[in-house]
Amino acid sequence: MDILVEFLGTTGFANISWGNLLMIAIGLAFITLAITKHYEPLLLLPIGFGAIVGNIPPTAGMALSVYDQGSVLSYLYYGVTSGIYPPLIFLGIGAMTDFSAMLSSPRLVLLGGAAQLGIFLTLIGALYLGFTPAESGAIGIIGGADGPTAIFLSAKLAPHLLGAIAIAAYSYMALVPVIQPPIMKLLTTREERLIRMPPPRVVSKRERIIFPIVAFIIAAMIAPGALPLVGMLLFGNLLRESGVTDRLAETARHAFIDMVTIILGFTVGASTQAQTFLTPQSLKIFGLGALSFAIATAGGVLFAKLMNLFTRDKINPLLGAAGVSAVPDSARVVQMVGHAEDPHNHLLMHAMAPNVAGVIGSAIAAGVLWSLMVE
Amino acid sequence: MDILVEFLGTTGFANISWGNLLMIAIGLAFITLAITKHYEPLLLLPIGFGAIVGNIPPTAGMALSVYDQGSVLSYLYYGVTSGIYPPLIFLGIGAMTDFSAMLSSPRLVLLGGAAQLGIFLTLIGALYLGFTPAESGAIGIIGGADGPTAIFLSAKLAPHLLGAIAIAAYSYMALVPVIQPPIMKLLTTREERLIRMPPPRVVSKRERIIFPIVAFIIAAMIAPGALPLVGMLLFGNLLRESGVTDRLAETARHAFIDMVTIILGFTVGASTQAQTFLTPQSLKIFGLGALSFAIATAGGVLFAKLMNLFTRDKINPLLGAAGVSAVPDSARVVQMVGHAEDPHNHLLMHAMAPNVAGVIGSAIAAGVLWSLMVE
Amino acid sequence: MDILVEFLGTTGFANISWGNLLMIAIGLAFITLAITKHYEPLLLLPIGFGAIVGNIPPTAGMALSVYDQGSVLSYLYYGVTSGIYPPLIFLGIGAMTDFSAMLSSPRLVLLGGAAQLGIFLTLIGALYLGFTPAESGAIGIIGGADGPTAIFLSAKLAPHLLGAIAIAAYSYMALVPVIQPPIMKLLTTREERLIRMPPPRVVSKRERIIFPIVAFIIAAMIAPGALPLVGMLLFGNLLRESGVTDRLAETARHAFIDMVTIILGFTVGASTQAQTFLTPQSLKIFGLGALSFAIATAGGVLFAKLMNLFTRDKINPLLGAAGVSAVPDSARVVQMVGHAEDPHNHLLMHAMAPNVAGVIGSAIAAGVLWSLMVE
Amino acid sequence: MIDFQTGLQRIVEGQGVPIAIAGMVIVMVALSVIAGSIAIMPRILRWVAVVLPEPTPQLPRASAEDEAALAAVAAAAFHAAHGGEA
Amino acid sequence: MIDFQTGLQRIVEGQGVPIAIAGMVIVMVALSVIAGSIAIMPRILRWVAVVLPEPTPQLPRASAEDEAALAAVAAAAFHAAHGGEA
Amino acid sequence: MIDFQTGLQRIVEGQGVPIAIAGMVIVMVALSVIAGSIAIMPRILRWVAVVLPEPTPQLPRASAEDEAALAAVAAAAFHAAHGGEA
């Protein structure tokens, strides 16, 4: 039975490594967190299953993994490496997102900018640890707390780190309810946390139609590199708000984004082969990623306190924490922390303003980094 | 702050031209027409936003536009230049379209042929103005009043003119309610406009199932070049009528066509960069396009009058105007003009016959032009 | 009118062959069977229409067929030849399938293995008839009674036979109600057909969540070549069962699988050009295919009888016939045959166990054949 | 402005008129054949109906997916009947 | 461990600080302009509203697909009215 | 007709029989292991259930999209409450 023996050599048992087993365990942990804790299940579950798939040991001569030319997974993964999937996801997010909260409180937009500090300080940290400038830019973007943005920029600047950066970004986004509260409490007084915000003003349909067009032109003129992400995000939003393209918006925010999400999550997970993923660099990236979320949170909160020095209508500085995006988790964290202090203080709606501004902010930051790093 | 200065050189402000500003204004006009006038919003709005996106000035070294190899937009635009999107849109249109009106009045099918005169006379006009035969064929197809057909043929015959041809086709389709009525009134007498049509006969389910198969075989045998468009159109219709593939027809006419429409409209819009779009040729194409719609309308109306010389059951010649396709706008125009003359004359259902026949007619015309022009 | 004469040379009439006419007739027969007999209409109808499209005679110089580089159909067909579509269909099937019946009766899983005998004996038969080992593997997989699996493996091992193998697989799947009953009755006694099965036990939500993960790891470790198919099948099932990814499961089992089914069926049909399809080899493949379904059915039934020699709780051997998969037709056949013998014996639910096990079984068989045949 | 002579010359060189005539003829022929087929179809079907009557509206044999759904429903019903927790 | 000196050196060579400052400045400028536009938009729209009043909620002109559906519905209604079998 | 001897020769050269046996063995082993895992799963889960009880049906933490929808709904409600025209 030589055939059986020969076949045994192609089975996973013959080739599995401790690294593969570790990665499979991590995949199982992702799935468990998604199901039991409901942490970003639409991404953690596909990534987790993908990580298991990607760590079934490869067999010589058979094209199976995302890195094997001609394999099914390599075709599906191409939308990740070419940067096609992230803008399509942004199209769907735009078609889902109501920017009313932001339109009614423009000054809160600035908090979504301040939280991008996490990106740029992490970049400096990554340079310090020996990463190249392009790699450092891609690592810094973890602090943008936006999966698609992180994948898009690392596909451009550091494709070899894409898996680690994407996993770090989604992991910390899932852990926002754990990471943010202590920082928020540390940097604010009880009086600040009790500040109530005035009810947002009514936003007209016209404003909501004009906003995506105007915001796109401004963002793309200032940072052309943000064009694919910001363009699709605000195009999707225009489909939603125009009132005459409802069926397109409906498809963009359902079938279209779901299909891309399934394939993106699965293939990003499958790209985490132990052989390429379990490196000291990945560990550093995870460390820097945690740092970036902490700095981003602090940046938003402290900038709100700074603004309070100059304005009469005080801003509840907790809202700054929502500027990291991680929509809508960090906005919920703000609501939760504010609510714990005063059960009658409802910050969720106000937190949506910096929250969605943070999405645009980190897309712009990605555009800036891309244009500065690419030759 | 050299970095800031260097970055300023990559912003849109450093590179924008008057042409870009003009194209952005045109994009805004498209969006405004789509929203306020409801002119073909499913296409004008994506094209309009795309035109704004495509005229954010390019930055050297960054692959952003539909013409830059490796850019996200270039991948999405590939479905346009390769001719994949138009047949997929026809699949969905087939799955939406009820051919009953046409099946009950076969002689009205000829009106959908006569209106293709606009295509072939415009071809002669384009030759006169100095376009090559292939370019002239692609320009003539504007008179088919069918966006996907125009994109498909110009991708084959004159890819460099695709943007202008597509924009012209969709613009004039949106303007059908403005272009057609004066021509229709000029070429008909009040007596003719008052002709009432007999109620259409009942069409059996079997006829509706057999029709797409028979019509496909006839059309594709006579004009093989029409195979991708007519094949998908009638395949979609068979999915709709068979009674056993409802779920496929449902997806074809919703999620599938919506996804393709979003991407096609957006990227065709984004292909209108001022640098390649604002040329004397584009102006000529717009002029020829207007001519082609006028000729097509006249062709349909006059052919109906010609048929009336030989038949006892007179045809209301207004129906000829619906033969240009531009489904269903020109059929509505026929209803409107007939209704203005006699509020009890309902022509809509009858106008659907030449209307859908015109879709098949211009797809066949495209197939003929392709086979004659391609070496 | 030289132009007209020249054009006539490009029409289908100038080039059609008797073979094309025969294939068009076969296409019409498929459509008729789909509509009047409801035999696998979601696949037979697209394949049938595709066969008509593919046998409109080609015109020199125009890229139209699935085999012409740059044609629309060739792009759509690429998902077939590259093996991308089958796993995506399995994703949707996984998101549709309830494995509860199988989880409650694990011993019935073995019947889904035994029925794979059809694959391996047919492989020997194909070798005997002069096919190469790789071709023989691809032909054998017809006995798996799973269209996507058959397409996936023949794309890898024998792309030139893909059309014939796919058509054979789908034809015999449609004919399962005709092929199986006589074999089932021949190999069982009336007493055996009257055996009643105990009601299945209740399966907990946790089991249904854990099953796809555990089954994937086992199947992929033992047969890595089954990874794309089994991985997507069980990933889809996890999306369905997790309880936190309902929207992804919904899209996977509706819009996503429908889109792929439309394009796969249509292009596989269009690949059956008479010139490449009507060969003695295709006839042999059809003969071997019929054989493989018969052997598979017998294998399942006889293995159930073998198991009955060693267990106290007797298995109704009719259930073995459901092991061929052809979900859910062969399970319905089991119900029908059992019901004819005893109107109070309901076997459908029990037959679902070997039925879905057969899907996994033939995917594993495909993985084994791929790894043994590929150099 | 375009020189009229040059323009005519281009039309002749580009075979504009023959192409236009051929194109219109082919389109009209194709649509006429389609129209003719549609016109005679009811008559053929009436003749066919004698041989092969129009299928009475029967419930379609459920597709693979519907069946799977059916199986799932049956399973769910089964669980419920047994007081299962699923 | 990383040598502190080396680390600083890398930051300097990689232009870390200027990039960070430039990046934050650009992000804040872009979002400030957006915020400013949002803030003045109601005022502009109030001024525009005098010239061009907000469109009253009118039924949208149906899209191509809706129309086709409408035509289908009309056709179905017509069949029913004529006692057709379709 | 195919020469019987030639046919047998081809089977031998193509390793038909060993491949068939190996294939069936692998398929049956894989499905047996899966069947075994399924069979012992309830027992393992009963044991696990002591340590870690089955999660009670709780409302899932809403996904990003649901939240956005929720925010939209909240915003709409807010507009309505303020008599807004949106």
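To keep things simple, chains are lettered A, B, C, D, E and F as they appear, and every chain counts its residues starting from 1.
The working rule: a residue touches a chain if its C-beta (ideal position, glycine included) is under 8 Å from a C-beta of that chain, and two chains touch if they have at least 3 such contacts.
Values in this document were obtained by computation on a predicted structure and should not be read as measured data.
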Where the centre means the average of the CA atoms, what chain is farthest from chain B? F
Over half shared or under half: which fits the residue numbers at the contact of copies chain B and chain C, same or different? different
Let me have the rounded angstrom distance from the C-alpha centre of chain A over to the C-alpha centre of chain F, please. 26
In whole angstrom, how far does the Cα centroid of chain D sit from the Cα centroid of chain E? 37
Residue list for chain E, restricted to those that touch at least two other chains: 15, 19, 21-22, 26, 54, 60, 63, 65, 85
Counting only residues that touch at least two other chains, what does the list for chain A look like? 3, 7, 38, 41-42, 204-205, 222-223, 243-244, 247, 254-255, 368, 372
Listed in rising order, chain A residues that touch chain B in their complex are 82-84, 87, 91, 209, 213, 216-217, 220-225, 227-228, 231, 235, 238-239, 242-245, 247-248, 250-252, 254-256, 368, 370-372, 374-375
So in the complex, the part of chain C that touches chain F is made up of which residues? 102-103, 106-107, 109-110, 112-114, 116-117, 119-121, 123-124, 127-130, 132-133, 136, 204-207, 210-211, 214-215, 218-219, 222-223, 243-244, 247, 357, 360-361, 364-365, 368-369, 372
Per the touch rule above, chain C residues touching chain B in the complex are 3, 6-7, 10-13, 16, 24, 28, 31, 34-35, 38, 41-42, 45-46, 49, 52-53, 56-59, 61-62, 64, 70-73, 75-76, 254-255, 258-259, 261-262, 266
Which residues of chain E touch chain A in their complex? 2, 7-8, 10-11, 14-17, 19-24, 26-39, 41-42, 45, 54, 60, 63, 65
